[in-house]
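Have a look at these structures, which come just after this line.
Presented sequentially are two complexes of subunit A, the first with subunit B as partner and the second with subunit C.
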Partner chain A sequence: MNLLSIIWAEVRKSHRHNFNNHLVYFSLFVWPAILFINAYYAFKPFNLQAGSPLARFVPFDKLGLFLITGYLAYIFFWSLVQSAWQMAYERQQGTLELLLLTPVPRIWLMFGRAAANLIEAVWLFSAFSLLIILFMGGVHVAEWWLVPVAIVLLVLSAVIWGGFLNIIFLFSRDAGVLYTLFEAPMEFFSGVRMPVLAFPIWAKSIAFLFPLTYVLTILRGVVMEGKTFRDLSGSLILLLGVLTVLVIASLFLVRVAERHAKETGNLTLF
Partner chain B sequence: MLEARHLKKYYTVKEKTGWFSREKQLIRAVDEIDLSIDKGEIVGLLGVNGAGKTTTIKMLSTLLTPTSGTITVDGTNVVEQPNRIKQQVNMIAGGERMLYWRLTARENLMYFGKLYGLHGQTLTERCRQLIRLVGLDEAADHPVERYSKGMKQRLQIARGLINDPDYLFLDEPTLGLDAPVARQLRKTVKDLAKVRNKGILLTSHYLEEVQELCDRVYIIEKGHLLLHGTPERIIQTVVNIFHLQAVVSGQSSDSIWLKQELEKRNVQVSVKDSDEGKLLHMTASFDMTASFIALVAKQGLILKKLEATKPNLEDAIIKLAEESHAS
Partner chain C sequence: MWASFSATFNRQFMTMRRAYPWSFFIGHILDGVYIIIFAYLSYHFIFQGQLNKNFTSYTGTSNYLSYAMIGGMLNSFSVSLLMIVSRMLITEMREGTLEALLLTPSSRQGYFLGAAVQGLMRSCIEMIAIFSIGLFFGLKMVSVNALILIPVLSVFCFAIFSQALVLGSFMLVFRDTYITQNTLFVIMTLVSGVSFPPQFLPGWLHTLSCIMPLSYGLNLFRGVVIEEHWSGSMTQDLFLLFGLGVLYFIAGSIFIKRTEKTVVEKYFG
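Showing the complex of A and B:
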């Protein structure tokens, strides 16, 4: 048994099960596109020229780029919150119990699910974002090799985040509250629409709980601000630290969740 | 051999007693059950709803941890080495859940096969064989949502065999199925045990099915083991009442002689006149059919009608349940 085989199995299942109707792709594209357009035009009535409070953090001519990179990274993370929500369906359908009947390593299954759902959920909006970036211009890259590195970090972070959420959903049928906790707060506090540096201290402290915050700092640093590897090394270390904590927490929680399910029989409750 | 010894499963549940207060309650779902299953054997696990059948199956299949007691599969402890056991056992539940409805039968089997570490040609061939075994060849590439209840249940059987388990736990596999489909499934189950040498544990509310299929039966009630044995032995132990009804021709003196002879053999007899002759109702704690026929032949009477009613497993379960409630 290997991880790639599990991911491939999940990709095929997810494709047939979650993306059966092509309208799903449409909604996964239209929804973030509307969010992006909404955010872009929400800024328009305000004075964003040099000297404005926002211009201290985002130059006026780079607002579009700032927002599209924000929503591009956000959709990676947000789609996995939705995918974790699908665990409730598996619980109701009884397939969750069957998954735990198999000898597959649970951690592979949880991260494999996240990886499988991610690819299909983001490709269309990613293509749209790329076109918008090319259309708007303003890209400032100092070291081009950092671009694929930033994308890999984005994918890796989202998968680890998604796997972690999947594990949380193993605990309880009522974990749907995470959707409320993570959807809007993640969009706001991670700096998708507003730069984190513009936040008050209390909001910054919340921002740094989300791995998306670090991913966005690196992604924007690479494509907008022309930062070098040396410039980004601090953020990179922080991101890797947060991801390590999430992986360790996932490894611990998946054992606890299964032990809890075996003790209480709660997998059949829905 | 699969063996469970002194198996217990207790749950602590919290019952609401007020707005902010809850009271803990201990539920003894399974309490001191011993059971064993040999390869090639079909073992029934019977009991009314809530008796602890599904809890027992889930403990045997590693989905629940016993509160105490041991389960071994061919000498390997289920709690200590669950991953090894998961390759050797599988579970099939009745009903239409536990499948991905938007996937086809083949896709469902391929998916679960990969979770058991199968891949490549081995997996493809295993899926093809199982699809054929359960007779879903023509519908193999149709989404499961288009299947009838019986087809879904057959796919469940195939899914349960994807890891070629040595032991298979069937939790009401014929629930809600039409008689012909249920009969076909029973044949499949019998073949799995007798031809493919799989040890099968079966729970079912259809007691004729259990009587037909099972080599041995465990009867549980409120988590306790009440009785264990072959279906015949259980019936004999619990409901040892046999009824025989016969019509014989002849004189009244013949029927009186017959009555006396039968009563000497501890058979209760009542005699009535009927259009065809003398109608005899006989009740005994043993099967008196052979003795009765011998007496009829000895006296040279003509036997016009004979109807024997043997007690079945259902009678035994009902009687056990009544005794249990009474105590």
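Showing the complex of A and C:
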């Protein structure tokens, strides 16, 4: 069984499960759009005139572009935190054990699930973001071939992050608290709304734990700052390093999770 | 009404002690704490304490940190209370006890009130935890006048309770909690002045804040503890908050009754 057939099976399952109700469009589009608007207005209490301290990191005329690129990348990662959270339902409904009884390699299943959920979860907000970017203007690209590379890196990083979270969620019956631990800090510390460079050391240390931080540096570097491949090579190496660590940790943890489940029988006992 | 109130209170209290999902509890506290930390970092490290002049004129204070932290604290409190009350009936439905509940001649108001009063215990613990953490990050309250604060909080809790009745009936209609509740929460956070004054929003969005009890609750609470004075507009806000609570209560009671009938016909018929 290859990875594509696993992804396709997960796409069909996810579509049947989530798209039987039109309310799903609220989570696909309305929530991210409102979060984006909220982030924009959260700047308003501060000095945004000429000489604003924010201008050291983001020019005011590019604030909209800064936020929309931030939220575009964030939605990719956020949707996979949500999808990992849904693992709890697989356990409650008894389908997690069935999934693990199939001859599918565990690790492929975890990453395949993440990839499948990503396609369904981000297309609508991505289209919206693209329209906003075209409408706002201010895009400054030095090497256009880097744009698809940045998008591939975004997708790849999100899938690896999502697969890792899926495995973490295999360990617990009530992993809702992990959702709280990962969602909001990722939004703030990764620089979705605020420039990471302005943070104190302790906040920067948290930021560098999230792959989204590196992805955003690369994406904004390509789209907003006209950086070249050479300029971005440092961030690229760091991102690949973090992703490698995540993949190795995933390979190890998926075995531990399955062994733990076999010992405790907690795949069906809720 | 008293019998169903005390029975629900006792049951919910036992559930909290024995089987409450602690992820909710920790989650609500963390949501408030995140707003505090983010406000602190934005104010000190990104904007170096420089505020927009309009902020002071709209809010009557230049204490941004306390403004945002109280916003986070009361927002977390409202979300917690709304979730506790509104999810009651749909949880009964999911656990298979709704039909039995609907067959009893118990008072529905007593049932919801029992859940709300018990839920207040949890929400208050969460709010105290967020408040304590806020003190470390620069939350300053000029005065805490219990004689004013208690009536303000009582009216606020009544209004949020009433809003939860309407939300709960929507949950039953859609048979969904996740999307229904979170859609309300993201809109509520945007328009109610949690981290910025709603006057910054375009007029049509600002108007939405008029139907959010959280918006009036924040004006009153901030007025009492940060600005230390009671103005005419605050008296007006208190009456509007009470009026809104009454409207939501009437609407919620009617919706819940109608939804119950639909549920009986649709799912148990």
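In the analysis below, the second predicted complex is superposed on the first by the 265 of 270 C-alpha atoms of A that agree within 3 Å, B and C clash if a C-alpha of one lies under 4 Å from a C-alpha of the other, contacts with A are read in each partner's own complex, and residues count from 1 in each chain.
Convention: a contact is a pair of C-beta atoms (placed from the backbone, for glycine too) under 8 Å apart; a residue touches a chain by one contact, two chains touch by 3 or more.
Every value quoted in this text rests on a predicted model; they were computed, and no experiment measured them.
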When the two structures are overlaid on chain A, which partner does A:12 contact: first (subunit B), second (subunit C), both, or neither? first
Look at the residues of subunit A and decide whether subunit B or subunit C touches more of them. C
Once chain A of both complexes is superposed, is A:140 in touch with subunit B (first), subunit C (second), both, or neither? neither
Touching A:255, do we find subunit B (first), subunit C (second), both, or neither? neither
So in the superposed three-chain picture, is A:100 touching just subunit B, just subunit C, both, or none of them (first/second/both/neither)? first
Just to be sure I read the superposition right, which of the two partners does A:47 touch: subunit B = first, subunit C = second, or both, or neither? second
Under the definition above, what is the set of subunit C residues touching subunit A in their complex? 21-24, 26-27, 30-31, 34, 37-38, 41-43, 45-48, 50-52, 54-55, 64, 67-68, 174, 176, 178-180, 182-183, 186-187, 189-190, 195-197, 200-201
In the complex with subunit A, residue positions of subunit B that touch it: 11, 55, 58, 61-65, 82-84, 86-87, 90-91, 93, 97-103, 107, 110-112, 114-117, 119, 159, 163
Within the complex, which stretch of subunit A touches subunit B? 1, 5-6, 8-9, 12-13, 16-17, 20, 92-95, 97-104, 109, 259, 261-265, 267
Partner subunit C, residues of subunit A touching it in the complex: 21, 23-24, 26-27, 30-31, 34-35, 37-38, 41-42, 44-48, 52-54, 57, 174-177, 179-181, 184-185, 188, 194-195, 198-200, 203
